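Read from first to last, the chains carry the letters A, B, C and D; within each, the first residue is number 1.
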Amino acid sequence: MIQSKNANTYWGFIKDPIYGYIRLTAVEKTIIDTLAVQRLRRIRQLAGAEYVYPAANHTRFEHVLGAMYLAGAVVDNLPIQLSEFEKQKVRLAALLHDVGHAPFSHLFEPLLLKYLNRNHEGMSTWIIAESNLADVIRKQGFDPSEISKLAVGESSDSEKRFLGQVISSSFDVDKMDFVVRDSYHTGAGYGSVDVFRLIYTMDVLDGNLAADITALPTLESLILARLESFRAIYFHRACRAVQMMLLKAIDYAKDDLSILKINKPDEYLEWDDYIVWSKLFENPKSREIIRDLSARKLLKCAYEKTFFVKDELASNVFTKDSVRQKLEEEIAHKAGVQVDEVSIDVPSLPSVPYHYAMEIGPIDIPIFSKTHSGEKIAQKITELSKVVDVLQVFMNIIRVYTSEQYREQVGKAATEVLGESPLSNALSY
Amino acid sequence: MIQSKNANTYWGFIKDPIYGYIRLTAVEKTIIDTLAVQRLRRIRQLAGAEYVYPAANHTRFEHVLGAMYLAGAVVDNLPIQLSEFEKQKVRLAALLHDVGHAPFSHLFEPLLLKYLNRNHEGMSTWIIAESNLADVIRKQGFDPSEISKLAVGESSDSEKRFLGQVISSSFDVDKMDFVVRDSYHTGAGYGSVDVFRLIYTMDVLDGNLAADITALPTLESLILARLESFRAIYFHRACRAVQMMLLKAIDYAKDDLSILKINKPDEYLEWDDYIVWSKLFENPKSREIIRDLSARKLLKCAYEKTFFVKDELASNVFTKDSVRQKLEEEIAHKAGVQVDEVSIDVPSLPSVPYHYAMEIGPIDIPIFSKTHSGEKIAQKITELSKVVDVLQVFMNIIRVYTSEQYREQVGKAATEVLGESPLSNALSY
Amino acid sequence: MIQSKNANTYWGFIKDPIYGYIRLTAVEKTIIDTLAVQRLRRIRQLAGAEYVYPAANHTRFEHVLGAMYLAGAVVDNLPIQLSEFEKQKVRLAALLHDVGHAPFSHLFEPLLLKYLNRNHEGMSTWIIAESNLADVIRKQGFDPSEISKLAVGESSDSEKRFLGQVISSSFDVDKMDFVVRDSYHTGAGYGSVDVFRLIYTMDVLDGNLAADITALPTLESLILARLESFRAIYFHRACRAVQMMLLKAIDYAKDDLSILKINKPDEYLEWDDYIVWSKLFENPKSREIIRDLSARKLLKCAYEKTFFVKDELASNVFTKDSVRQKLEEEIAHKAGVQVDEVSIDVPSLPSVPYHYAMEIGPIDIPIFSKTHSGEKIAQKITELSKVVDVLQVFMNIIRVYTSEQYREQVGKAATEVLGESPLSNALSY
Amino acid sequence: MIQSKNANTYWGFIKDPIYGYIRLTAVEKTIIDTLAVQRLRRIRQLAGAEYVYPAANHTRFEHVLGAMYLAGAVVDNLPIQLSEFEKQKVRLAALLHDVGHAPFSHLFEPLLLKYLNRNHEGMSTWIIAESNLADVIRKQGFDPSEISKLAVGESSDSEKRFLGQVISSSFDVDKMDFVVRDSYHTGAGYGSVDVFRLIYTMDVLDGNLAADITALPTLESLILARLESFRAIYFHRACRAVQMMLLKAIDYAKDDLSILKINKPDEYLEWDDYIVWSKLFENPKSREIIRDLSARKLLKCAYEKTFFVKDELASNVFTKDSVRQKLEEEIAHKAGVQVDEVSIDVPSLPSVPYHYAMEIGPIDIPIFSKTHSGEKIAQKITELSKVVDVLQVFMNIIRVYTSEQYREQVGKAATEVLGESPLSNALSY
């Protein structure tokens, strides 16, 4: 068995505005100082959000440090004996869980899928197991393949599934960190979730991570905070406009972007927000869009409709590029504008994706109550909490964007094609 | 018409840890420096909560300053022209809305009703309109009677009902301040509600205070924060135990407490937490309970059952002192303990009241959307928000308390008398 | 040797708004739930400050929990091996270091000295070693006498003087906690000192607690924050006015206050802010002052003079009650007012004491630099830091207080007697 | 006279994590949405600091919004009547004061001077008065030339010099904002300065901005916080290492960077951090350095010496490139390494500049005390405050950097050439 000598060697601190001092082991310091991790300094956590929240310039780098810190807090506080080696593995997995992110985070996701046949988690696994990073991990006494699986939530020890669930589950350290961190940097006024209440009451039930019922209010506010962040940040009209424009620019220039033709994970690591932005700025095909973004000339939302009930037809229609394209053409035609002046945005569409969207699905967090004798009885959170139950909502939005000058005619045309939208188009759950 | 010359004269600042600097007019400074307002320094905001949250020592005094500050923010930001005189009246009403509170805030409420035939709001009106404070108000150019009504939410101008609603309505400055302030001082980890988002989007619709639909997320988190505070603070078992013990002590000593026999509001103002606590400590009838409280020997909860559906029978039964007493006797008998070793606590019971309890009732906040032409269309919040809808829940808890040594037998007896309680007794909505 | 089985048994958490969750061992929980510790809930940290900072209602109770938490952080992070038993002793000492405080904290200090021949630290030692608390400590496996010494900074192990210095030294957990906590509750806008930077770099040099030179900026801001708090809080004119009024009331009523005649520490524990306030309110000798305080009718400062250089004569004069009294008489005579209308306040005077005052004396914190070979070389902080050097200032203030109506004439008379005061009477270092 | 109709038209809010909601007028919204201002989104406030403080990714964009907000707070609170038009001018000047910053903020400063003969303030003036931005300003009813001067602190009204001093003086809104903002984003644990205490007590004395003596503690903590930020951020060894590496890369590639050959201000606006970083990455001359930065392979400090007394010789020597170069050669030679492996860093050197460095010069803030009759008497801050006096310190640091593998030999050689450095090399004032 591979063993690390440095897992327990304390190296020093990093200062984080949220948790204060994050202690690093020598192993962690070594792995942090690799290109794979350092590159995350140049990948924004929330591409587009800075156009609405000027202070939201935080990067994946500080997020993964935060996730590692929380992962350490979870494994240190679980009432189960774990070796320092196991704990170090979990912290490393948290540290590395996002190394696969493409420039501008989720924005590239559909292109990764289309051209490289991997989502960002697949990319993470690939990089951890097969890039130069793998050697560094190995030298530190860890198995890159094991860490790469743990980083996407899979524990190599089937008795200890909770080790993976710390990284990826309904209430993992990834979500805990980003809810709190996004709120800190946007100033958006939700998200001061007391994550330590949750962490300090976690336990293991039949090999799975579980939460004590006394943490239920914290879970509820964590879930509500995540939903608020959808409305306030991810689905904000202007944030989406920025993302759509970036996507369009990438689409125009994609033949000249070698990131979509890479063969080895180390080639992928050459790419970050800075490089992509500059390439798009220099490329005549995409330059105009980047110029508009540079001066905040954004697409405007001319039409918006929200679905809270699964509209099967709509869903089917919108998952197909061809149908969407046809609708864009129809609206453009009716509005009397060029077809590339009309863009339909549907959060769950592959072409403008939002991986979070899928996560508002069923939540099944095992919650336990302790009897007087100390026995832990599992219960379903959705049975315990009406709030969680109602928040497990389906939601879909269709928006039609266009340039400022065509807003009115495109709005009208979209209404004819897509139907009346109710007066209130605020996102509500 | 009475007019004030000082309403717009700036006097200085008071430092508040939450809002920073609170500016005072000369009128406000004069009224703050009266016994009626200063007495609130010696009345805790959350009697009992400090036994669970050691830092929760905040008083009604800082709360009313905060409420006044927020009231000023509301009237300054409403898109409606108000005179400085009107604004000053609203700020004064907010400042004075709690002067009627008895020692230990809500704890005395049932005794006020029983012996003085007034709730705390009735006491506020009485004090503002008829105590020495009234003279001070009059000298500053305001009508004490008008202010006294405004302080409980009644505007003298029927066209401007919103002036009263700033002080008392579903989302008044009272609630906004206490949710944020309780969270700050308890550290309870909810309640970082972005109240200024709400304040900056408020408007007036048909004379009523209304909120723009863009503030819906803030309203949802305000409502959730309030509910969390019920679970985390007001209904916390240990907080309730402290309150029950204090109530019992007051009940034992009540014949010697002249507060229950007062004839004039100025007599009432002699009473505060310090005086009542000391009287109870000195009185042989109540001393033992106070000694127990002094050393944190609290009653223990032996049984707990939560109702989410209106149990009509239960309700009827528990509103009657006699029925409750009978149940206490029955449980004590079965448990083989003295009857005064058994105390039933029901939050909505007059004998252990919680005025907030009534407020988890129907919420009807007018929400408006603006059309493109600027027209404001009113909508119901419960139709817009599933979260608000589900949070409009009925909840009632029955708890049986006893001394530590009888916990088991009283728990058993209570189960026999009141029925099995489900395993999970956490409060959930 | 006495050994504790519970020192390492985790009991649960207490929520603190500053540090989040404070973990308690079973030993600590048991000792916290004694009258000696619980009584601190009813003793304000900053008596008088709430008249200037309405939110400054924090108590010694939350402060000692905070000090215990920080003490735990120090001993857990020192790069020296300590047993769980030793660590528990230090935490207990921090928890108990303030049990000797009289009502209204430092206010009673001169009376304690005069009538009971003990300062508050002497009272702490007495209570820990000889009250009922001692039995509880002993039952938990600790030696009350040892803890009582540690609580005032004396380590029983002369090789480990740092154990006592954690509790009492130039940068002990007491000061770290109150600087941060006073700032939090007053909102006074200084005091966000990064105490963990200091804690994480502490070490032991020749048996003494020492700080790494990299923490120098933190030490400087800690020292500056403390000085700011003198100006902004402790020496604030209105805070001092409140304290002087309380002292006067106590002086008038002292023959009826049995706290000054106690024989056993357990008698002392009967007294807290609530009881003293009520006694003073009921006593005809002191009632009027308490009525004035109740409605914030405060003494006004008619004259103020600050000394930055040791004025030996002044010092000598003011340490003698008789001289001060004579000056009061002279000023009163010249001003044509009753002698009890004139009160001289000198922070270092025994009759209006401020124990902190003595602490702005020489600071000698050993600071060390590490050589490349890891050797730690001790240096003097005052040689390293000009800021610390200049802040080691001597400062004394003389103020003359009187009622509002006599302010002018008393001010004039005081100037004649005590000399011109420079225009600027702001406190500056 | 040019007049603006929109100066008082409220447009909406921007959310800032520090001040909450920043209200914008229609004028401001229009000017914010220009390339000149939007470009600041892509210019880091603290280039290099993110390598030490991972969360320090804030940009000039959020800083100028903050400065505008504070400027509005100052002019709204000054006890002097100003027109809405005047207030709008001051806010615009604060908004635009940094538009001249080059990529990576201060890093480019010496190159701007050398090649374009302008410092960043000169660039700001140029851009405001002569770029496309000037037209936008003019259309909004303001005189670009007047605003351009105000943005660097020069008021067009000689009777109202304070209007310029709001933007540029010893305690201007620029410094107030960045001290607080840098602290927020680095988490560095100083900098929670209560700037509103200062703002609310500001006044005008003989046409100059002045502070009330009651704000002295705030001024002291503002000054200390700035100095801490030098030690903790700007002069941090690793931050400086990053800056030196970037500078070296720029120097290697400078012939290919057209930013240094621009003729019109609008050409300058094409350049930002993203573009420069990418150009350096693509340029074979600089690529290697950027690769090292990408993976955090930083230069190491082999030698450091701090001067607190003006070492005239040293100063003279180090301001001359040629002398510095010679020393580098000498050290390299003695160490037996290539000359480009040795880099001398002196904060005040033109080649590695820090414009802040000059600002630790004499501070002369007029402070006033009010007499009882209301007269304001000006005093010198350095006479009032020993803290400010001692902080007016001269400080200079010489450091020698090299690659990790040469650290020891270069350190030795540097000691031979530059003299023994005292053991303690922490920065202290």
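A few comments on the model shown:
Definition applied: contacts are C-beta pairs under 8 Å (C-beta built on N, C-alpha and C of every residue); 3 or more make two chains touch, one makes a residue touch a chain.
Fair warning: this is a prediction, and the values are worked out from it, not measured in the lab.
Across B-D and A-D, it is A-D that has more C-beta pairs touching. For chain C, the chain with the farthest CA centroid is A.
Averaging C-alpha coordinates per chain places the centre of chain B 49 Å away from that of chain D.
One finds 34 Å separating the Cα centroids of chain A and chain D. Among the residues of chain A, those in touch with two or more other chains are 20, 188-189, 197.
If you check the complex, the residues on chain A that touch chain C are 13, 20-21, 196-197, 200. Contacts from chain A toward chain B in the complex involve residues 188-190, 192-194, 197, 213-214, 216-218, 220-221, 224, 228, 231-232, 369, 371, 377, 379, 384-387, 389-391, 393, 423-426, 428-429.
Chain C makes touch with chain B in their complex at residues 14-18, 20, 32-35, 38-39, 41-42, 50, 52-55, 57-59, 61-62, 65, 184-189, 273-275, 277-279, 281, 294-297.
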